[in-house]
Amino acid sequence: MKLVDIAEALDARVTGDGTIEVLRAVHPADAAGPEDLVIAMDKALLPLLATTPARAAVVLEGVLPPTGNVVACVVVKRAATAMAGLTTLFERPIHAEAGIHPTAVVAPDAVVGTGVSLGAFVFVGSRAVIGPGTIVMSHVTIGAEARVGAACLFHPGVRVGERVEIGDRVILHHNASIGADGFSFITPEPGSVETAKATGQVGASNRLLRRINSIGTVILGDDVEVGANSAIDRGTVTATRVGRNSKIDNLVQIGHNVVVGENCMICGLTGIAGSAVIGNRVVLAGRVGVADHQKIGDDAIVMAGSGVATNVPPKAVYGGYPAVPRDRALEQVVNIGRLKSLYAEVAALKARLKSVEPPPEKG
Amino acid sequence: MKLVDIAEALDARVTGDGTIEVLRAVHPADAAGPEDLVIAMDKALLPLLATTPARAAVVLEGVLPPTGNVVACVVVKRAATAMAGLTTLFERPIHAEAGIHPTAVVAPDAVVGTGVSLGAFVFVGSRAVIGPGTIVMSHVTIGAEARVGAACLFHPGVRVGERVEIGDRVILHHNASIGADGFSFITPEPGSVETAKATGQVGASNRLLRRINSIGTVILGDDVEVGANSAIDRGTVTATRVGRNSKIDNLVQIGHNVVVGENCMICGLTGIAGSAVIGNRVVLAGRVGVADHQKIGDDAIVMAGSGVATNVPPKAVYGGYPAVPRDRALEQVVNIGRLKSLYAEVAALKARLKSVEPPPEKG
Amino acid sequence: MKLVDIAEALDARVTGDGTIEVLRAVHPADAAGPEDLVIAMDKALLPLLATTPARAAVVLEGVLPPTGNVVACVVVKRAATAMAGLTTLFERPIHAEAGIHPTAVVAPDAVVGTGVSLGAFVFVGSRAVIGPGTIVMSHVTIGAEARVGAACLFHPGVRVGERVEIGDRVILHHNASIGADGFSFITPEPGSVETAKATGQVGASNRLLRRINSIGTVILGDDVEVGANSAIDRGTVTATRVGRNSKIDNLVQIGHNVVVGENCMICGLTGIAGSAVIGNRVVLAGRVGVADHQKIGDDAIVMAGSGVATNVPPKAVYGGYPAVPRDRALEQVVNIGRLKSLYAEVAALKARLKSVEPPPEKG
């Protein structure tokens, strides 16, 4: 690829010889030869350009790369946007063979679209439908009556439960579980949790647990992405839903009946308990918990590690355990840090006060 | 199904025409026609009944559904119990074919009971035993010498390790791991953690880590359920145990040698570290951590997001990080929230005190 | 195995008849007969020796086992070291058949070393390389162009992504994901998180999310171990790396571009966000979160449940949310616990102060 073409794709400009051709885009530490394009948009990486064997680099507008082998630069304005462009230009697409692998098991009444790739040991259940151009890698399960859209990419080990509905261009990573049963058990009489919520005390013993079956399903919108080893449970009666273009990281748990809006980003190890409602464009950072039935408004952000036990208004930034508005959360951290000196101060006040008080009367 | 029969199964009564027949139980928002039974036990859903095409609904005792197409109601007393009953009546059982799928690999010396269903790409190791009526969906591994009871249901991708023992009617969800090795490494001399626990300082460097192999196993009692992508590790020498009827949600980690009692509920993303002992009927809400070797008493409840670093007495409700009794945890949250005004108050006291103090003597 | 031989392997001594032969090493509660060696290095287990049917026990130096059937003891100095030795002597190796299972699918241009065991339903992609003596259990995926070293052990359901590089003697547990794509999405203009970081307020709406593809890979050093259902994502441009001999527990998430040093121990449900750098011999206890781009120094320890949002110096012990040095974290817990009495104290001071203040002037 010529530097001028890369620059055009990135809406960037070239300094130096734009006719230089590169084969790979690499981190400066990994550069191996003159056919490499080193990506050095982070200032901390610039010194590595002095010794790189590469002849071309991508740098941010306004920086001066050191002299060395690098004789041409693609100069970009915004690193994040450029990185999206670069990793598209130099994408390393998955190896997927055309057609249905001879070891795949496809129910005779399943409907497999044109151009679908089914890898080794793929199982497709009865009456399942797979849209055109979808790539299903090895070891994937697509349950009976599931409906999968077009141009999806399911990585090895993905489990799509029965009757689950998946939009177009959805990416599911290693071992993601879509449509396991919800975790829903009840006690015939009010149990320990119900009594504790009502009174603060455990007033009953859960000697009998009865299962609520999940007769609902999961519906994922177009362009959703779900990370490795994440789990989205089916709804009890209706569907658990993730809106179009929402992105879910690894090891995320989304409980039964949850509704996630569009364009959300939900980071690793986050858990959303049953029936919570997450708006559009919400960002849940890593290791967040959202309690059941809570609502998080559009465009809200929840900071990493927080435990959300209340509703969160739109556009709010919440943090802490329990989560509160960010400013209060930060203030609380500072206030807790100052406690040591507060205790000392109160002790000093006490002593000073004593010295201005009249002596106690004798009995 | 006739409404009168549904009502009888739910120990409920019918208002209106009990001879109406329904085919599906649905959320009011999903109702598509007169053959649907809409479940509207949540008051917030009642307004949807005004416009539903369904003719029959399930409602709570004491509410008045709006007029509309709904001409008959099943009237129930306790929503939770009714939901368990309804999702049993309208269960949508998994598609499992009778017998052993031709692609399944079963060791010649494995013992497979009558009526067992082994799906596509199932592997059953040497001398494993599977009890009658158990359903093993596609892509499941049952390790050598594992013993699985009767009438179990293993969803796709489940991994049952070698020698693991599983009771009757156990449900394992997508990709659950039962019997991976415990996480147990030691340093030949006391290492960084041991010295830090003893002195508060890192007094050693873990230059050599030696593995403790897990020669124990895992034993799951009857009616246990384990969620998607959860992991229960085998014991070091003896077994990690989960007592009968305990229910474990998705993405839960149960470490080596842990003993979980009966009828427990352990919610998503909870981790129980090695050798902890969880009593009977314990509820661990979502995202809880339990430190190694701690004991949690019968009927105790640990609130979501808590980190348990001590023993928890029976019937106690604990919360917070580190977890303390619920009342103290809630009090701490309030006290932390009030700190801003406390700092202001102490500053004001200081100023007031100064004004009543005699002026400092001059030096 | 004779007791004298066991003692020699453990660098221990024998009291009583060292010629006694044992077949199994068991927990005292599991002892079934005279051929069992009961492991009772924990003092709490000693009373069980009074009634065990076993004739031989392993005990710690300096304890006196009760009389009973036990007529000989292996007496050890350090329980942890002895346990590593005992579980090596009595290891129960996995059942792996020699050679390539007939159901395995191996790309014709893949290179499989001598003595490799490939189990049922294993998939090996194009140009992948597997070193000699490696055991790959059933249902494992090894992606195209992946390079796996010698003498590794991959448990059922492991997913090794394309181009991933794995050293020698690496152990991967059930369903571990090595090399899923990083979680990396950007907004063309600064989005909600960027504006909130800059101003504390959500100043933009993420109406467009653009994907940054992961063109990098994952490199695991020799003797690394990764737990069940854990996930290590590939780097954006370069590799996500885990150094030799580092041990990772179950349900751990390691984000794109993260570098983990050597000899680390990372416990269950911990998440390390993108581009964080973890030094050598670092211990992250269970349920820890490390924010993106943070650095944790060599030999540092992070306590369970902590959220690390800053760099951590070498040899430091950090705890809390947000994590601070251990002494401060413990002090904060104590200080928060004392708040109730502080509020009372300040109220009392206020009252006392009032009584020494002159009465307010009348207006």
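Think of it as A, B and C in the order they're written, each chain with its own count starting at 1.
Here is the rule we use: contacts are C-beta pairs under 8 Å (C-beta built on N, C-alpha and C of every residue); 3 or more make two chains touch, one makes a residue touch a chain.
For clarity, every value in this text was computed on a predicted model and none was experimentally measured.
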Rotating chain A onto its identical copy chain B by a Cα superposition takes an angle, to the nearest 5 degrees, of 120
Given over half shared residue numbers means same and under half means different, the chain A/chain C interface is different
Rounded to the nearest Å, the gap separating the Cα centres of chain A and chain C is 22
The positions of chain B in contact with two or more other chains are 103, 121, 139, 157, 175, 229, 251, 269, 287, 321, 336, 339, 342, 346, 349, 353, 356
In the complex, the residues of chain A that touch chain B are 103, 105, 121, 123, 125-126, 139, 141, 143-145, 157, 159, 161-163, 175, 177, 180-181, 183-188, 192-193, 196, 200-202, 205-216, 229-231, 233, 235-239, 251, 253, 255, 269, 271, 273, 287, 289, 291, 307, 309, 321-322, 324, 328, 331-332, 335-336, 338-339, 342, 345-346, 349, 352-353, 355-356
Residue set of chain C touching chain B in the complex reads 25-27, 29-30, 39, 80-81, 83-84, 86-88, 90-92, 94-95, 101, 103, 119-121, 137-139, 155-157, 171, 173-175, 225, 227-229, 245, 247, 249-251, 263, 265, 267-269, 281, 283, 286-287, 298-301, 304-305, 315-317, 321, 326-327, 333, 336-337, 339-340, 342-343, 346, 349-350, 353, 356-358
